[in-house]
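Below is a structure I'd like to ask you about.
Going by the order they are written in, the chains are A, B, C and D; count residues from 1 in each one.
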Amino acid sequence: MRKVIIDTDTAGDDTIALLTAMHSFKVEGVTITGGNVDFDQQVENALYTIQVANPEEYVPVYKGMEGPLLTSVVERHQTVEDVHGKDGMGDSFFEKAKQRPEQGHAVDFIIDKVKSNPGEINLLAIAPLTNIAMAIKKDPTIIYDIPHIYIMGGTNNSLGNITAAAEYNFFVDPEAAKIVLHSGIPITLVGWDMCTKYSIMDDDDHKEIENLSTKGSAFFIQINKVVMKFNKEVHRLNGTTHPDTLLVAIAANEELMAKSNKYFVDVETKGELTRGYSMVDINNRSGHEPNVRVCEEVNRNQFKEHVLDVLTSIS
Amino acid sequence: MRKVIIDTDTAGDDTIALLTAMHSFKVEGVTITGGNVDFDQQVENALYTIQVANPEEYVPVYKGMEGPLLTSVVERHQTVEDVHGKDGMGDSFFEKAKQRPEQGHAVDFIIDKVKSNPGEINLLAIAPLTNIAMAIKKDPTIIYDIPHIYIMGGTNNSLGNITAAAEYNFFVDPEAAKIVLHSGIPITLVGWDMCTKYSIMDDDDHKEIENLSTKGSAFFIQINKVVMKFNKEVHRLNGTTHPDTLLVAIAANEELMAKSNKYFVDVETKGELTRGYSMVDINNRSGHEPNVRVCEEVNRNQFKEHVLDVLTSIS
Amino acid sequence: MRKVIIDTDTAGDDTIALLTAMHSFKVEGVTITGGNVDFDQQVENALYTIQVANPEEYVPVYKGMEGPLLTSVVERHQTVEDVHGKDGMGDSFFEKAKQRPEQGHAVDFIIDKVKSNPGEINLLAIAPLTNIAMAIKKDPTIIYDIPHIYIMGGTNNSLGNITAAAEYNFFVDPEAAKIVLHSGIPITLVGWDMCTKYSIMDDDDHKEIENLSTKGSAFFIQINKVVMKFNKEVHRLNGTTHPDTLLVAIAANEELMAKSNKYFVDVETKGELTRGYSMVDINNRSGHEPNVRVCEEVNRNQFKEHVLDVLTSIS
Amino acid sequence: MRKVIIDTDTAGDDTIALLTAMHSFKVEGVTITGGNVDFDQQVENALYTIQVANPEEYVPVYKGMEGPLLTSVVERHQTVEDVHGKDGMGDSFFEKAKQRPEQGHAVDFIIDKVKSNPGEINLLAIAPLTNIAMAIKKDPTIIYDIPHIYIMGGTNNSLGNITAAAEYNFFVDPEAAKIVLHSGIPITLVGWDMCTKYSIMDDDDHKEIENLSTKGSAFFIQINKVVMKFNKEVHRLNGTTHPDTLLVAIAANEELMAKSNKYFVDVETKGELTRGYSMVDINNRSGHEPNVRVCEEVNRNQFKEHVLDVLTSIS
């Protein structure tokens, strides 16, 4: 099994993505970055999700950067309790998991694990890219030892989610995104546009999942309650969105990508309206070398099947 | 017939848009803004196009701003001879028209014509918005006297043309675009995305047009030679693009718009990658009042028919 | 007598500068730009000041741009009634002057006057540079016909007044300042630093002026009442400041400049803290060609004498 | 003796500052940040300087961030070999010191040392603030444990050195400077303006120092050869500049500050001309709470005496 570290701001779909990762990879560790909801809540959400999955091998959880590279200690980044519920788990308010977070900083864990397993640790990035950017800045030599980063972030010349111009992960820490995109590490990007086109689970899908009647399926239904309502009202999307799960599924099985191409991708950090905008330079008007493989089409049926397999397996 | 002033950086599709405007409106005047190619060449292109149309009533041409609001006298904005040919007319190098441009500045012409015909003069804007912004700044009271501006510009959460982030007209003078969009004048926006989806004329369309065997159809074929090649190579579009003609046709017949909605639209003027990016805030994440009606779908067949009618009528 | 147009946002020291200009030049016209206080109030202030001076030849007043290049019609720029009083005249609330503003726009007046007197009309700029920038944009050929612009604006590597980084005139319309500074017209710049070092009139000076017992001296005392208080409280300056009068006096008698040098000068338009900051590149770290003669020292005694002469002459 | 960590981009005056620090404080460690010259050369310069000082207690040297927070791995920040010589030591090309740098990262060293000595470790910052900002971001709780940071950086409404607008340390990493200035840690700032007014050693001073005939004085003369020439040509300053030494001397003896005040200080990160500009809001036009004590006058004689004492003591 391929080894991964998964970096997550655990709330909502991050949990299903975590289940998917533990199902499809040898997860060396889970690192938490500030993002969706209160940081400590995210840590608890990750630990609880691992408890739900009950994996054979111990999966350690490391606390990382609580907020973006450039915010000061007093400032806070924008969280999205409206999307995922106050606890980021559809207002489920689960009990605390027994497992506790590790000592040591997520950034050091990433560096140490990568340096001691050169060429073996892929990164699954489903949160603002703060931890990964910090790791690259602290030890730039890791760029030669990471075979691939799969990133959920940005949007390919399409509508964003947190603003019209930007997707949440890139919006929260565009400077971190810029550092990672230009690091030289091979990257696959799955944007918010792929999520809205191919990952939506509508009421019928939810019924089908509920009927699986496993612990996994019950968990899925539970944590998606708030986001279903939010999506209908705000994004006018008729179902729940699964960007992070889609990213992990694609990393596990690249054939899910029906179409992809390498493009020059960059992130706006200076704009007044466009902070966090991801430029995907389809027609290469900039003349820059492509640096990112961008997912452009997904085999939706295979993806759904993958998710159902995961949820079925957790009994 | 409704009265219009058409503001154009006459090159390529601007000419067919001019023919369409003279066919469908009482054109009170043509004003030239710096844009596609050399300014004086644009003036000649407009005059030549009027000569081709040979309209019953005299259509005056006014020279306006030769470049964007903020460039200094010595700087030049980016022109696009690669798209439209050196002369902006498919390298046709036509003879000079007999009609000459008027004395007086386009900005003053717009103000005077609007103020002496309050509520009657619609603007068709198919170029960078420099002239119109200058007119608004010089006499802000015109905003109450202009019933509507139809603008070809920007792109609705889609790929740009001059950069991945921006469409040419907004890119060249984003500050002017910002002034016009926030002026309070009612606006309909037809973006580059509508052009690539609904306005393309492919080889078969060109043959059909050629077979009309009118002076108009011959002119169409002639001036589109360079852009056909450019589009195939750079934009991977299999045909010629007609954003300006689409804008004028929609202004003439709003039923061509199969779908449109009012959204908050703004322009990025500060970004590093996103200068000229048009934010179309579909899900109103910004909370701002909608200020622009945005065209979202076009009846392609009706549009094509409209163009063929225009070209047939010029014999 | 040398011919000038003086462009002013008439309030406070602008009035004494106007008196000085009428005393020292043939003033072809006064043009009003949006700045210090309500626009129409500024127009009245200019007209009233001309009435106080009672010049032999008629001095026309033209209304120009009511606000900066880039603000929309609804937005307003920052005015400074706290500095100059509600009426911009030390809360004097004078009666309306008999003279009325001219028909025609200040921008057109500048262009027409300059084009019909090539090489003869110097500009005295003691307001945001909106009118002058608009004139340059509307008819760029005037740059060859204006021998010199004297500008009160910016600050030479010193504290600003409206923000720590910026002087008011440049802050209100930095884009206009940029256009003028890079126009190629020969420029002399007198910054806010010269004003705080050499133009301050303290209580003793005010007594000396009061004792002149002329109409001019009474007017001086009257309009400076609010600013004296403001300067003590906000800028910790012990007296009234006369940046505009200093500018005009220097234009009238360049020997008042005890030291000046040509430097590259530019204006920040993009900064978060530094909008309107004037870069005076003393050690030429940028490598750009000098474009502005910057006043670095003033003969204070001669300046004061000049002001007293002006006030004495108005009886 | 008070405990300090000194963070330095060791080249030129950083060396004399290091000597001064070892003379006046218990130096717990020297941390190296990318700045003046090649990073590894800076490390060697620090080690060599310690060897020159030959301190009683071992002073460890830790390698830190090789460049600013936001540059990508491939980009390089601007170094200044023209100021300090190719080796940053006046082209002296000294032999390698025997002491070698420690294992472990400077950022971790700062965090660990501060956390294990709460309230005891002052920071002397004489380089771009990258290391210190990274430490604050990695463990924000250190802000409560650091009693004071003394920072050489920025300029107080005066001319910069690397650009007209900015001083080198703030220019190289303005984002880091912003994080540190807004961290809440008590700060004293000594700007470039203090350096040019009070720290210059002219030819006479150099002769006096040479005549001390100690190992310290010989070292001073040697490493200052290139900067003397550079200052005369570029900054038109008649002598060598000692910003870092001035900072350390002031930290050691605050009475050297003849005048200081608390102001709101911020750094521009967005400007086109003003990247790294330090806003010192003397008249509090921004209304923000003061966050930095800014040195405004220095007792020059005492400072010179302090330097001579240090150089005399190294024999």
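Convention: a contact is a pair of C-beta atoms (placed from the backbone, for glycine too) under 8 Å apart; a residue touches a chain by one contact, two chains touch by 3 or more.
This one's a predicted model, so the numbers in the text were calculated from it and none came from an experiment.
Between the contact lists of subunit B and subunit C, the overlap is empty. Farthest from subunit D in terms of Cα centroid separation is B. One simple way to say how far apart two chains are is to compare their mean CA positions; for subunit A and subunit D this gives 41 Å.
In whole angstrom, the spacing between the mean C-alpha positions of subunit B and subunit D is 57.
Each chain gets one centre point, the mean of its Cα atoms, and the points for subunit A and subunit B are 42 Å apart. Shared interface positions of subunit A, i.e. residues touching 2 or more other chains, are given as 270. Listed by chain label, the pairs that touch are A-B, A-D, B-C, C-D.
Residues 65-66, 69-70, 72-74, 105, 107-108, 134, 136-140, 143, 175, 178-179, 182-184, 270 of subunit C are the ones that touch subunit B when the two sit in their complex. Contact residues of subunit D toward subunit C in the complex are 157-165, 234-236, 266-274, 277, 279-283, 285-286.
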